[in-house]
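One chain, chain A, appears in both complexes that follow, with chain B as partner in the first and chain C in the second.
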Partner chain A sequence: MARSRTGFWLSVPVYAAVVALCVAPLLILLAYSFFQVSFVAVLKEPTLKNYVRILGSETYRWLILKTFGSGLMVAAITAVIGYPVAWFIAKRVVAAKSAFLTLLLVPLYTGDLVRIFAWRMLLGAEGVINTFLMAIGVIREPIGALLFSSLATHIVLTYNYLPFMVLGLWLAFEALDDRLVEAAADLGAGATSTFRRVTLPLTLPGLVAGSLMVFVMVVGDYLTPQLLGGASGVTIISAINDLFGTAFDWPLGSAIAWTMLAILALAFAGAAIVISRSSLGKALAAGEA
Partner chain B sequence: MIAADRAKDTSGLGNSPLLQGIAVHKDYGGVHAVRGVDFRIAQNSYVTLLGPSGCGKTSLLRMIGGFEALSSGVLELDGQSLDGVPASRRPVNTVFQNYALFPHLSVEENVGFGLAYRSLSKAEMASNVESALALVQMSPMAKRRPRQLSGGQQQRVALARAIVNEPRLLLLDETLSALDRRMRKDMQIELKDLQRRLGMTFLHVTHDQEEAFALSDEIIVMNNGRIEQQASPAEIYRRPATAYVADFIGGANLAPGRILSVAGETAVIDTPLGRFECPSVAGLQEGDKAVLCIRSELLRLQAGEGGFEAVVTHTVFRGAEWLVEAKTQGGIVISLIVDEPEPPLVGSAVRLGFDPARGWIVSAPTEG
Partner chain C sequence: MRRGFTPLLWVWLVYGFMYLPIAVITLFSFNASEIIAFPLQGFTLHWFGQVLTDARLGKGLGLAFLVSVPVAAFATFLGALAALALTRYPLRGRGVLFAIILLPFLIPKVILAVAQLILLSELKIERSLATIIAGQVIIILPFTTLIIASVLVRIDRRLEEAAADLGASGWSTFRRVTLPLMKNGLMAGWFIAFVLSSSEYVLTSFLSGRHQPLSILVASDFRFNISPALNALALMIVAVNLAFIAIGEFIRLRSKQT
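== the complex of A and B ==
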């Protein structure tokens, strides 16, 4: 009895921190999303007007779609690039494994802005790539579209978040028993078949984890599209920023934030259900049982 | 009776062998795991590859399975070279040491895995899986996941997954070593029984000589990358080809000495225990260094004259009899079986003798 009470008191700070730092801000945001603005004052009269406005506005619908589209695309590209890299580090590198992983993570130590400006040096009109292409005579005029474009944004988003994808997949490959691959070959499976029936299903948790991380971070990325996207740099996140800042429409900003949150939550729940119903999910459940 | 016929068959002479290795060699960057071995494995036989860890037996098995390339030499299955044939195309299946069951598939999906690569209808596949599971008594577990099974059950599933493909040759890699003793004994009987019923050829790697004896029509004893002897269990026990085999199999007492004369199939050897005329391996010559092997069960406590003297150093009660260890004046440690209610006292001097007709002389091991 006394013990469990001590346990309760010891765990209070944890709950307090979670409530204060995670739950409370979101609830405040949720409350604001039902308020409205009259000139510069927030009227605390509940209304669904903000949500109706979002659904009715082609601009907001498009921005939300564009942001999720970017997230999906970058997740897919990083998965395609990261899969063989993760396999290589896990299964082919022996001595220098930690060196490879450190190299992978080093860019993350430098901070967003530094990396973004480094890419401006590479992609700019007088940047490394254009200068080089002109020097070898492939082009006469610098390619303007390299910088301040959707292309630039996605190149840098891919670069920025690739390490997270590789890490997720690397863990999955480390956990993959090579003897299972041998067993598949022994039973008659060729390379493609082994990949489809053994390697891919067993590394799927890593792929899902990596994709979720990359997706969430791309969706929430504010700086990269702003600084590299040029005219295309307007995202739903920058719209929220504008609404909270210059436009002073906190209720609408909160409503957009909660709309995003709700869509993400539904998507994750859907993914979780799909995975738990797959053969892999059942295997994982059996492992815990 | 059938087993006896098969045992005779396994010499591989006359009829062509199922698997033949010619000068098979494997080195891993200068480490010679398998040093140019020759062997033949007859159809429908149960052969064990026996040796201590690091003797090259697993490397040899992996080359046969197609997981490692030969450094040099030839492997032939049914007279066809296996060179360049990938594991997936060999009519060979393996029961892996850790079973290597696919964790994301159910028991029946595991067993059916290899059937997808043959032209079978869904119904045929299902019935093959079912009968393979029935064969290893795992039908009730068909829907389970490997992680929900005990080690012994996983073992059976791994076995079913391999034999359902009806391979020409089934490889078993230290398959029983993870099981407890009781389970291992039961599985040995089942494996042997299964091999006979299916008429399949089993090649089983093990470091356990008791297991090799229980299972095999023939045993291939390996040491240090070489094959020391390939013969039936009885032959290996009674007429070991080398001192290594004599020692490794059943721990014979070894007395080094020198050949005094050779006459037909017997030779006279001079050892610190005395002079004995015993049967010997072929090819010994007068003056050769040689080793006299005497099995523990052949030695007797002797009352009167003759034999040799030793001082008892240990006695161990083994239930049916006593295992007595004694040291001769020449410093040779001798073990013998004493089938009496009480053993001789530790520290007492005893006189030991044996029937020379049942001793065995082999060449002395060469250095290195």
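== the complex of A and C ==
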């Protein structure tokens, strides 16, 4: 039929664009990860040496661990901060729901660099927070560790990706049937056990989806650690950047990049399993009810 | 217990945190002092004048338009094709198409940028404005697709069926029924794509050759300097971005009511 062919022809240019500009580059990157550098030329003979070097290098292992550790930590922090906010927007706000959601997303559109610039002004030794605290007499000396530290990086990473966590959780709370919570209370469950045994399991898909988004974006964030982390700002992503720039070892950089992609793919697979299982449980519960 | 005052206070604190940077930029871009610190020294527009008369920034702004206008147009066009295929027509492998559109969004930008760099060097293509445009379109495509799809799913399918029943061909149904109804989605997509493109830094810095758009120029300023003039520049960028987003959202939400 004509209509079924229309869908196919519409999707052809889209597939072509993504394959040419994303899939093909990633495949060439994969090919390069098996090459080697000799002096200033790339030697195109397949070898596993780059991967062996990554596994054997304490520095790269540590950087990979550190980057993924940051991802997990920021996902956990945004989950704790965002959970009550998502609950509030879904269950307590009636008329202005879309206004609350829009206001949450607006800061995302200010752009990476503007945001980082603003945070440097806020966190600096002679910055806004320090001078404000000194002016009102809370501290005498400026807190130097606010800027160019791991603390600064994680504050701003939390800031950058909190809205994504709230969005994921909000969707889960919108789907949560209030009657289940009320039923638990009627049957004598306290606030804590209602939360632990009803609310939390039912919002788990949103929690996992939000955490995954935050995790992926934190792991891939280059600018924030680089510009706010000071000496602590070296990440595995900045190592890839260096290997493609000054260090000129494209094959090793490619191998690190593909190691990262493989770990990210594992994280996705894990999250997909959790989400599909819990929605399966949900569907079963709905079927019985 | 959870109905009390505490959650509301928490929500206020979180929203305050989200708006703290914008508030500080605004406050200090009107502050009559070289030093960005409390206490405030009085009102001035001096810093805005300094930015507006900077010729280097003006040239960068021009280049930014040369990049972002076509990026927004291509990303909106491809996003429209993808959204139509996903929501309006029977399609095998809908899930695959959706996954492949989201793929560029999920790959860390530095990794995507170096991958594109290798491809360019293998094909012996010089870096130029065209390579920036191509690179940006693919990471903005997920956003335009979702925006346009969100408008398309609200269009009543019976309108198209009625047109077909009355003898309109597939093309003329699209041109005279679907297209006018999805126009708001296209415009909203264009505005948001423009903002995302003009503030994109990582991919742009890898793919730009000699021509450096505004985001690259201001990057080195924003990275290494702090001054009230930069503050004013930041506020102007924020204001323009938010105005564009507001226009886009207004257009998109207007289609909800019709």
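Everything that follows uses one rule, which is that the second predicted complex is superposed on the first by the 249 of 289 C-alpha atoms of A that agree within 3 Å, B and C clash if a C-alpha of one lies under 4 Å from a C-alpha of the other, contacts with A are read in each partner's own complex, and residues count from 1 in each chain.
As a convention for this text, a residue touches a chain if its C-beta (ideal position, glycine included) is under 8 Å from a C-beta of that chain, and two chains touch if they have at least 3 such contacts.
Because the structure is predicted, anything quoted here is derived from the model rather than measured.
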One more residue to check, A:Trp87. First (chain B), second (chain C), both or neither? second
Which of the two, chain B or chain C, is in touch with more residues of chain A? C
Which superposed partner A:Gly190 touches (first chain B, second chain C, both, neither): first
Of the two partner chains, chain B (first) and chain C (second), which one does A:Pro46 touch, if any: first, second, both, or neither? neither
Is A:Thr6 contacted by the first partner chain B, the second partner chain C, both or neither? second
First (chain B), second (chain C), both or neither touched by A:Leu202: first
Can A:Gly144 be said to touch chain B (first), chain C (second), both, or neither? neither
Touch check for A:Glu182: first (chain B), second (chain C), both, or neither? first
In their shared complex, at which residues does chain B touch chain A? 65-67, 86-89, 92-94, 96, 98, 100-106, 109, 113-114, 116-118, 144-145, 147-148, 161-162, 165
Going by the contact rule set out above, which residues of chain A touch chain C in the complex? 2-4, 6-8, 10-11, 13-15, 17-18, 21-26, 28-29, 32, 81-82, 84-85, 87-89, 92, 98, 102-104, 106-107, 109-122, 124, 126-128, 131-132, 135, 159, 162-163, 191, 216, 219-223, 227, 237, 240-241, 244, 250, 253-254, 257, 260-261, 264, 268
In the complex, the residues of chain C that touch chain A are 1-2, 7-8, 10-11, 14-15, 17-22, 24-25, 28, 35-39, 78, 81-82, 84-85, 88-92, 97, 100-101, 103-104, 106-112, 114-119, 122, 134-135, 137-138, 141, 170, 195, 198-199, 201-202, 215, 218-219, 222-223, 226, 230-231, 234, 237-238, 241-242, 245, 249, 253
Which part of chain A faces chain B closely enough to touch in the complex? 177, 179-180, 182-190, 193, 197-198, 201-202, 279-280, 282-283, 286-287, 289
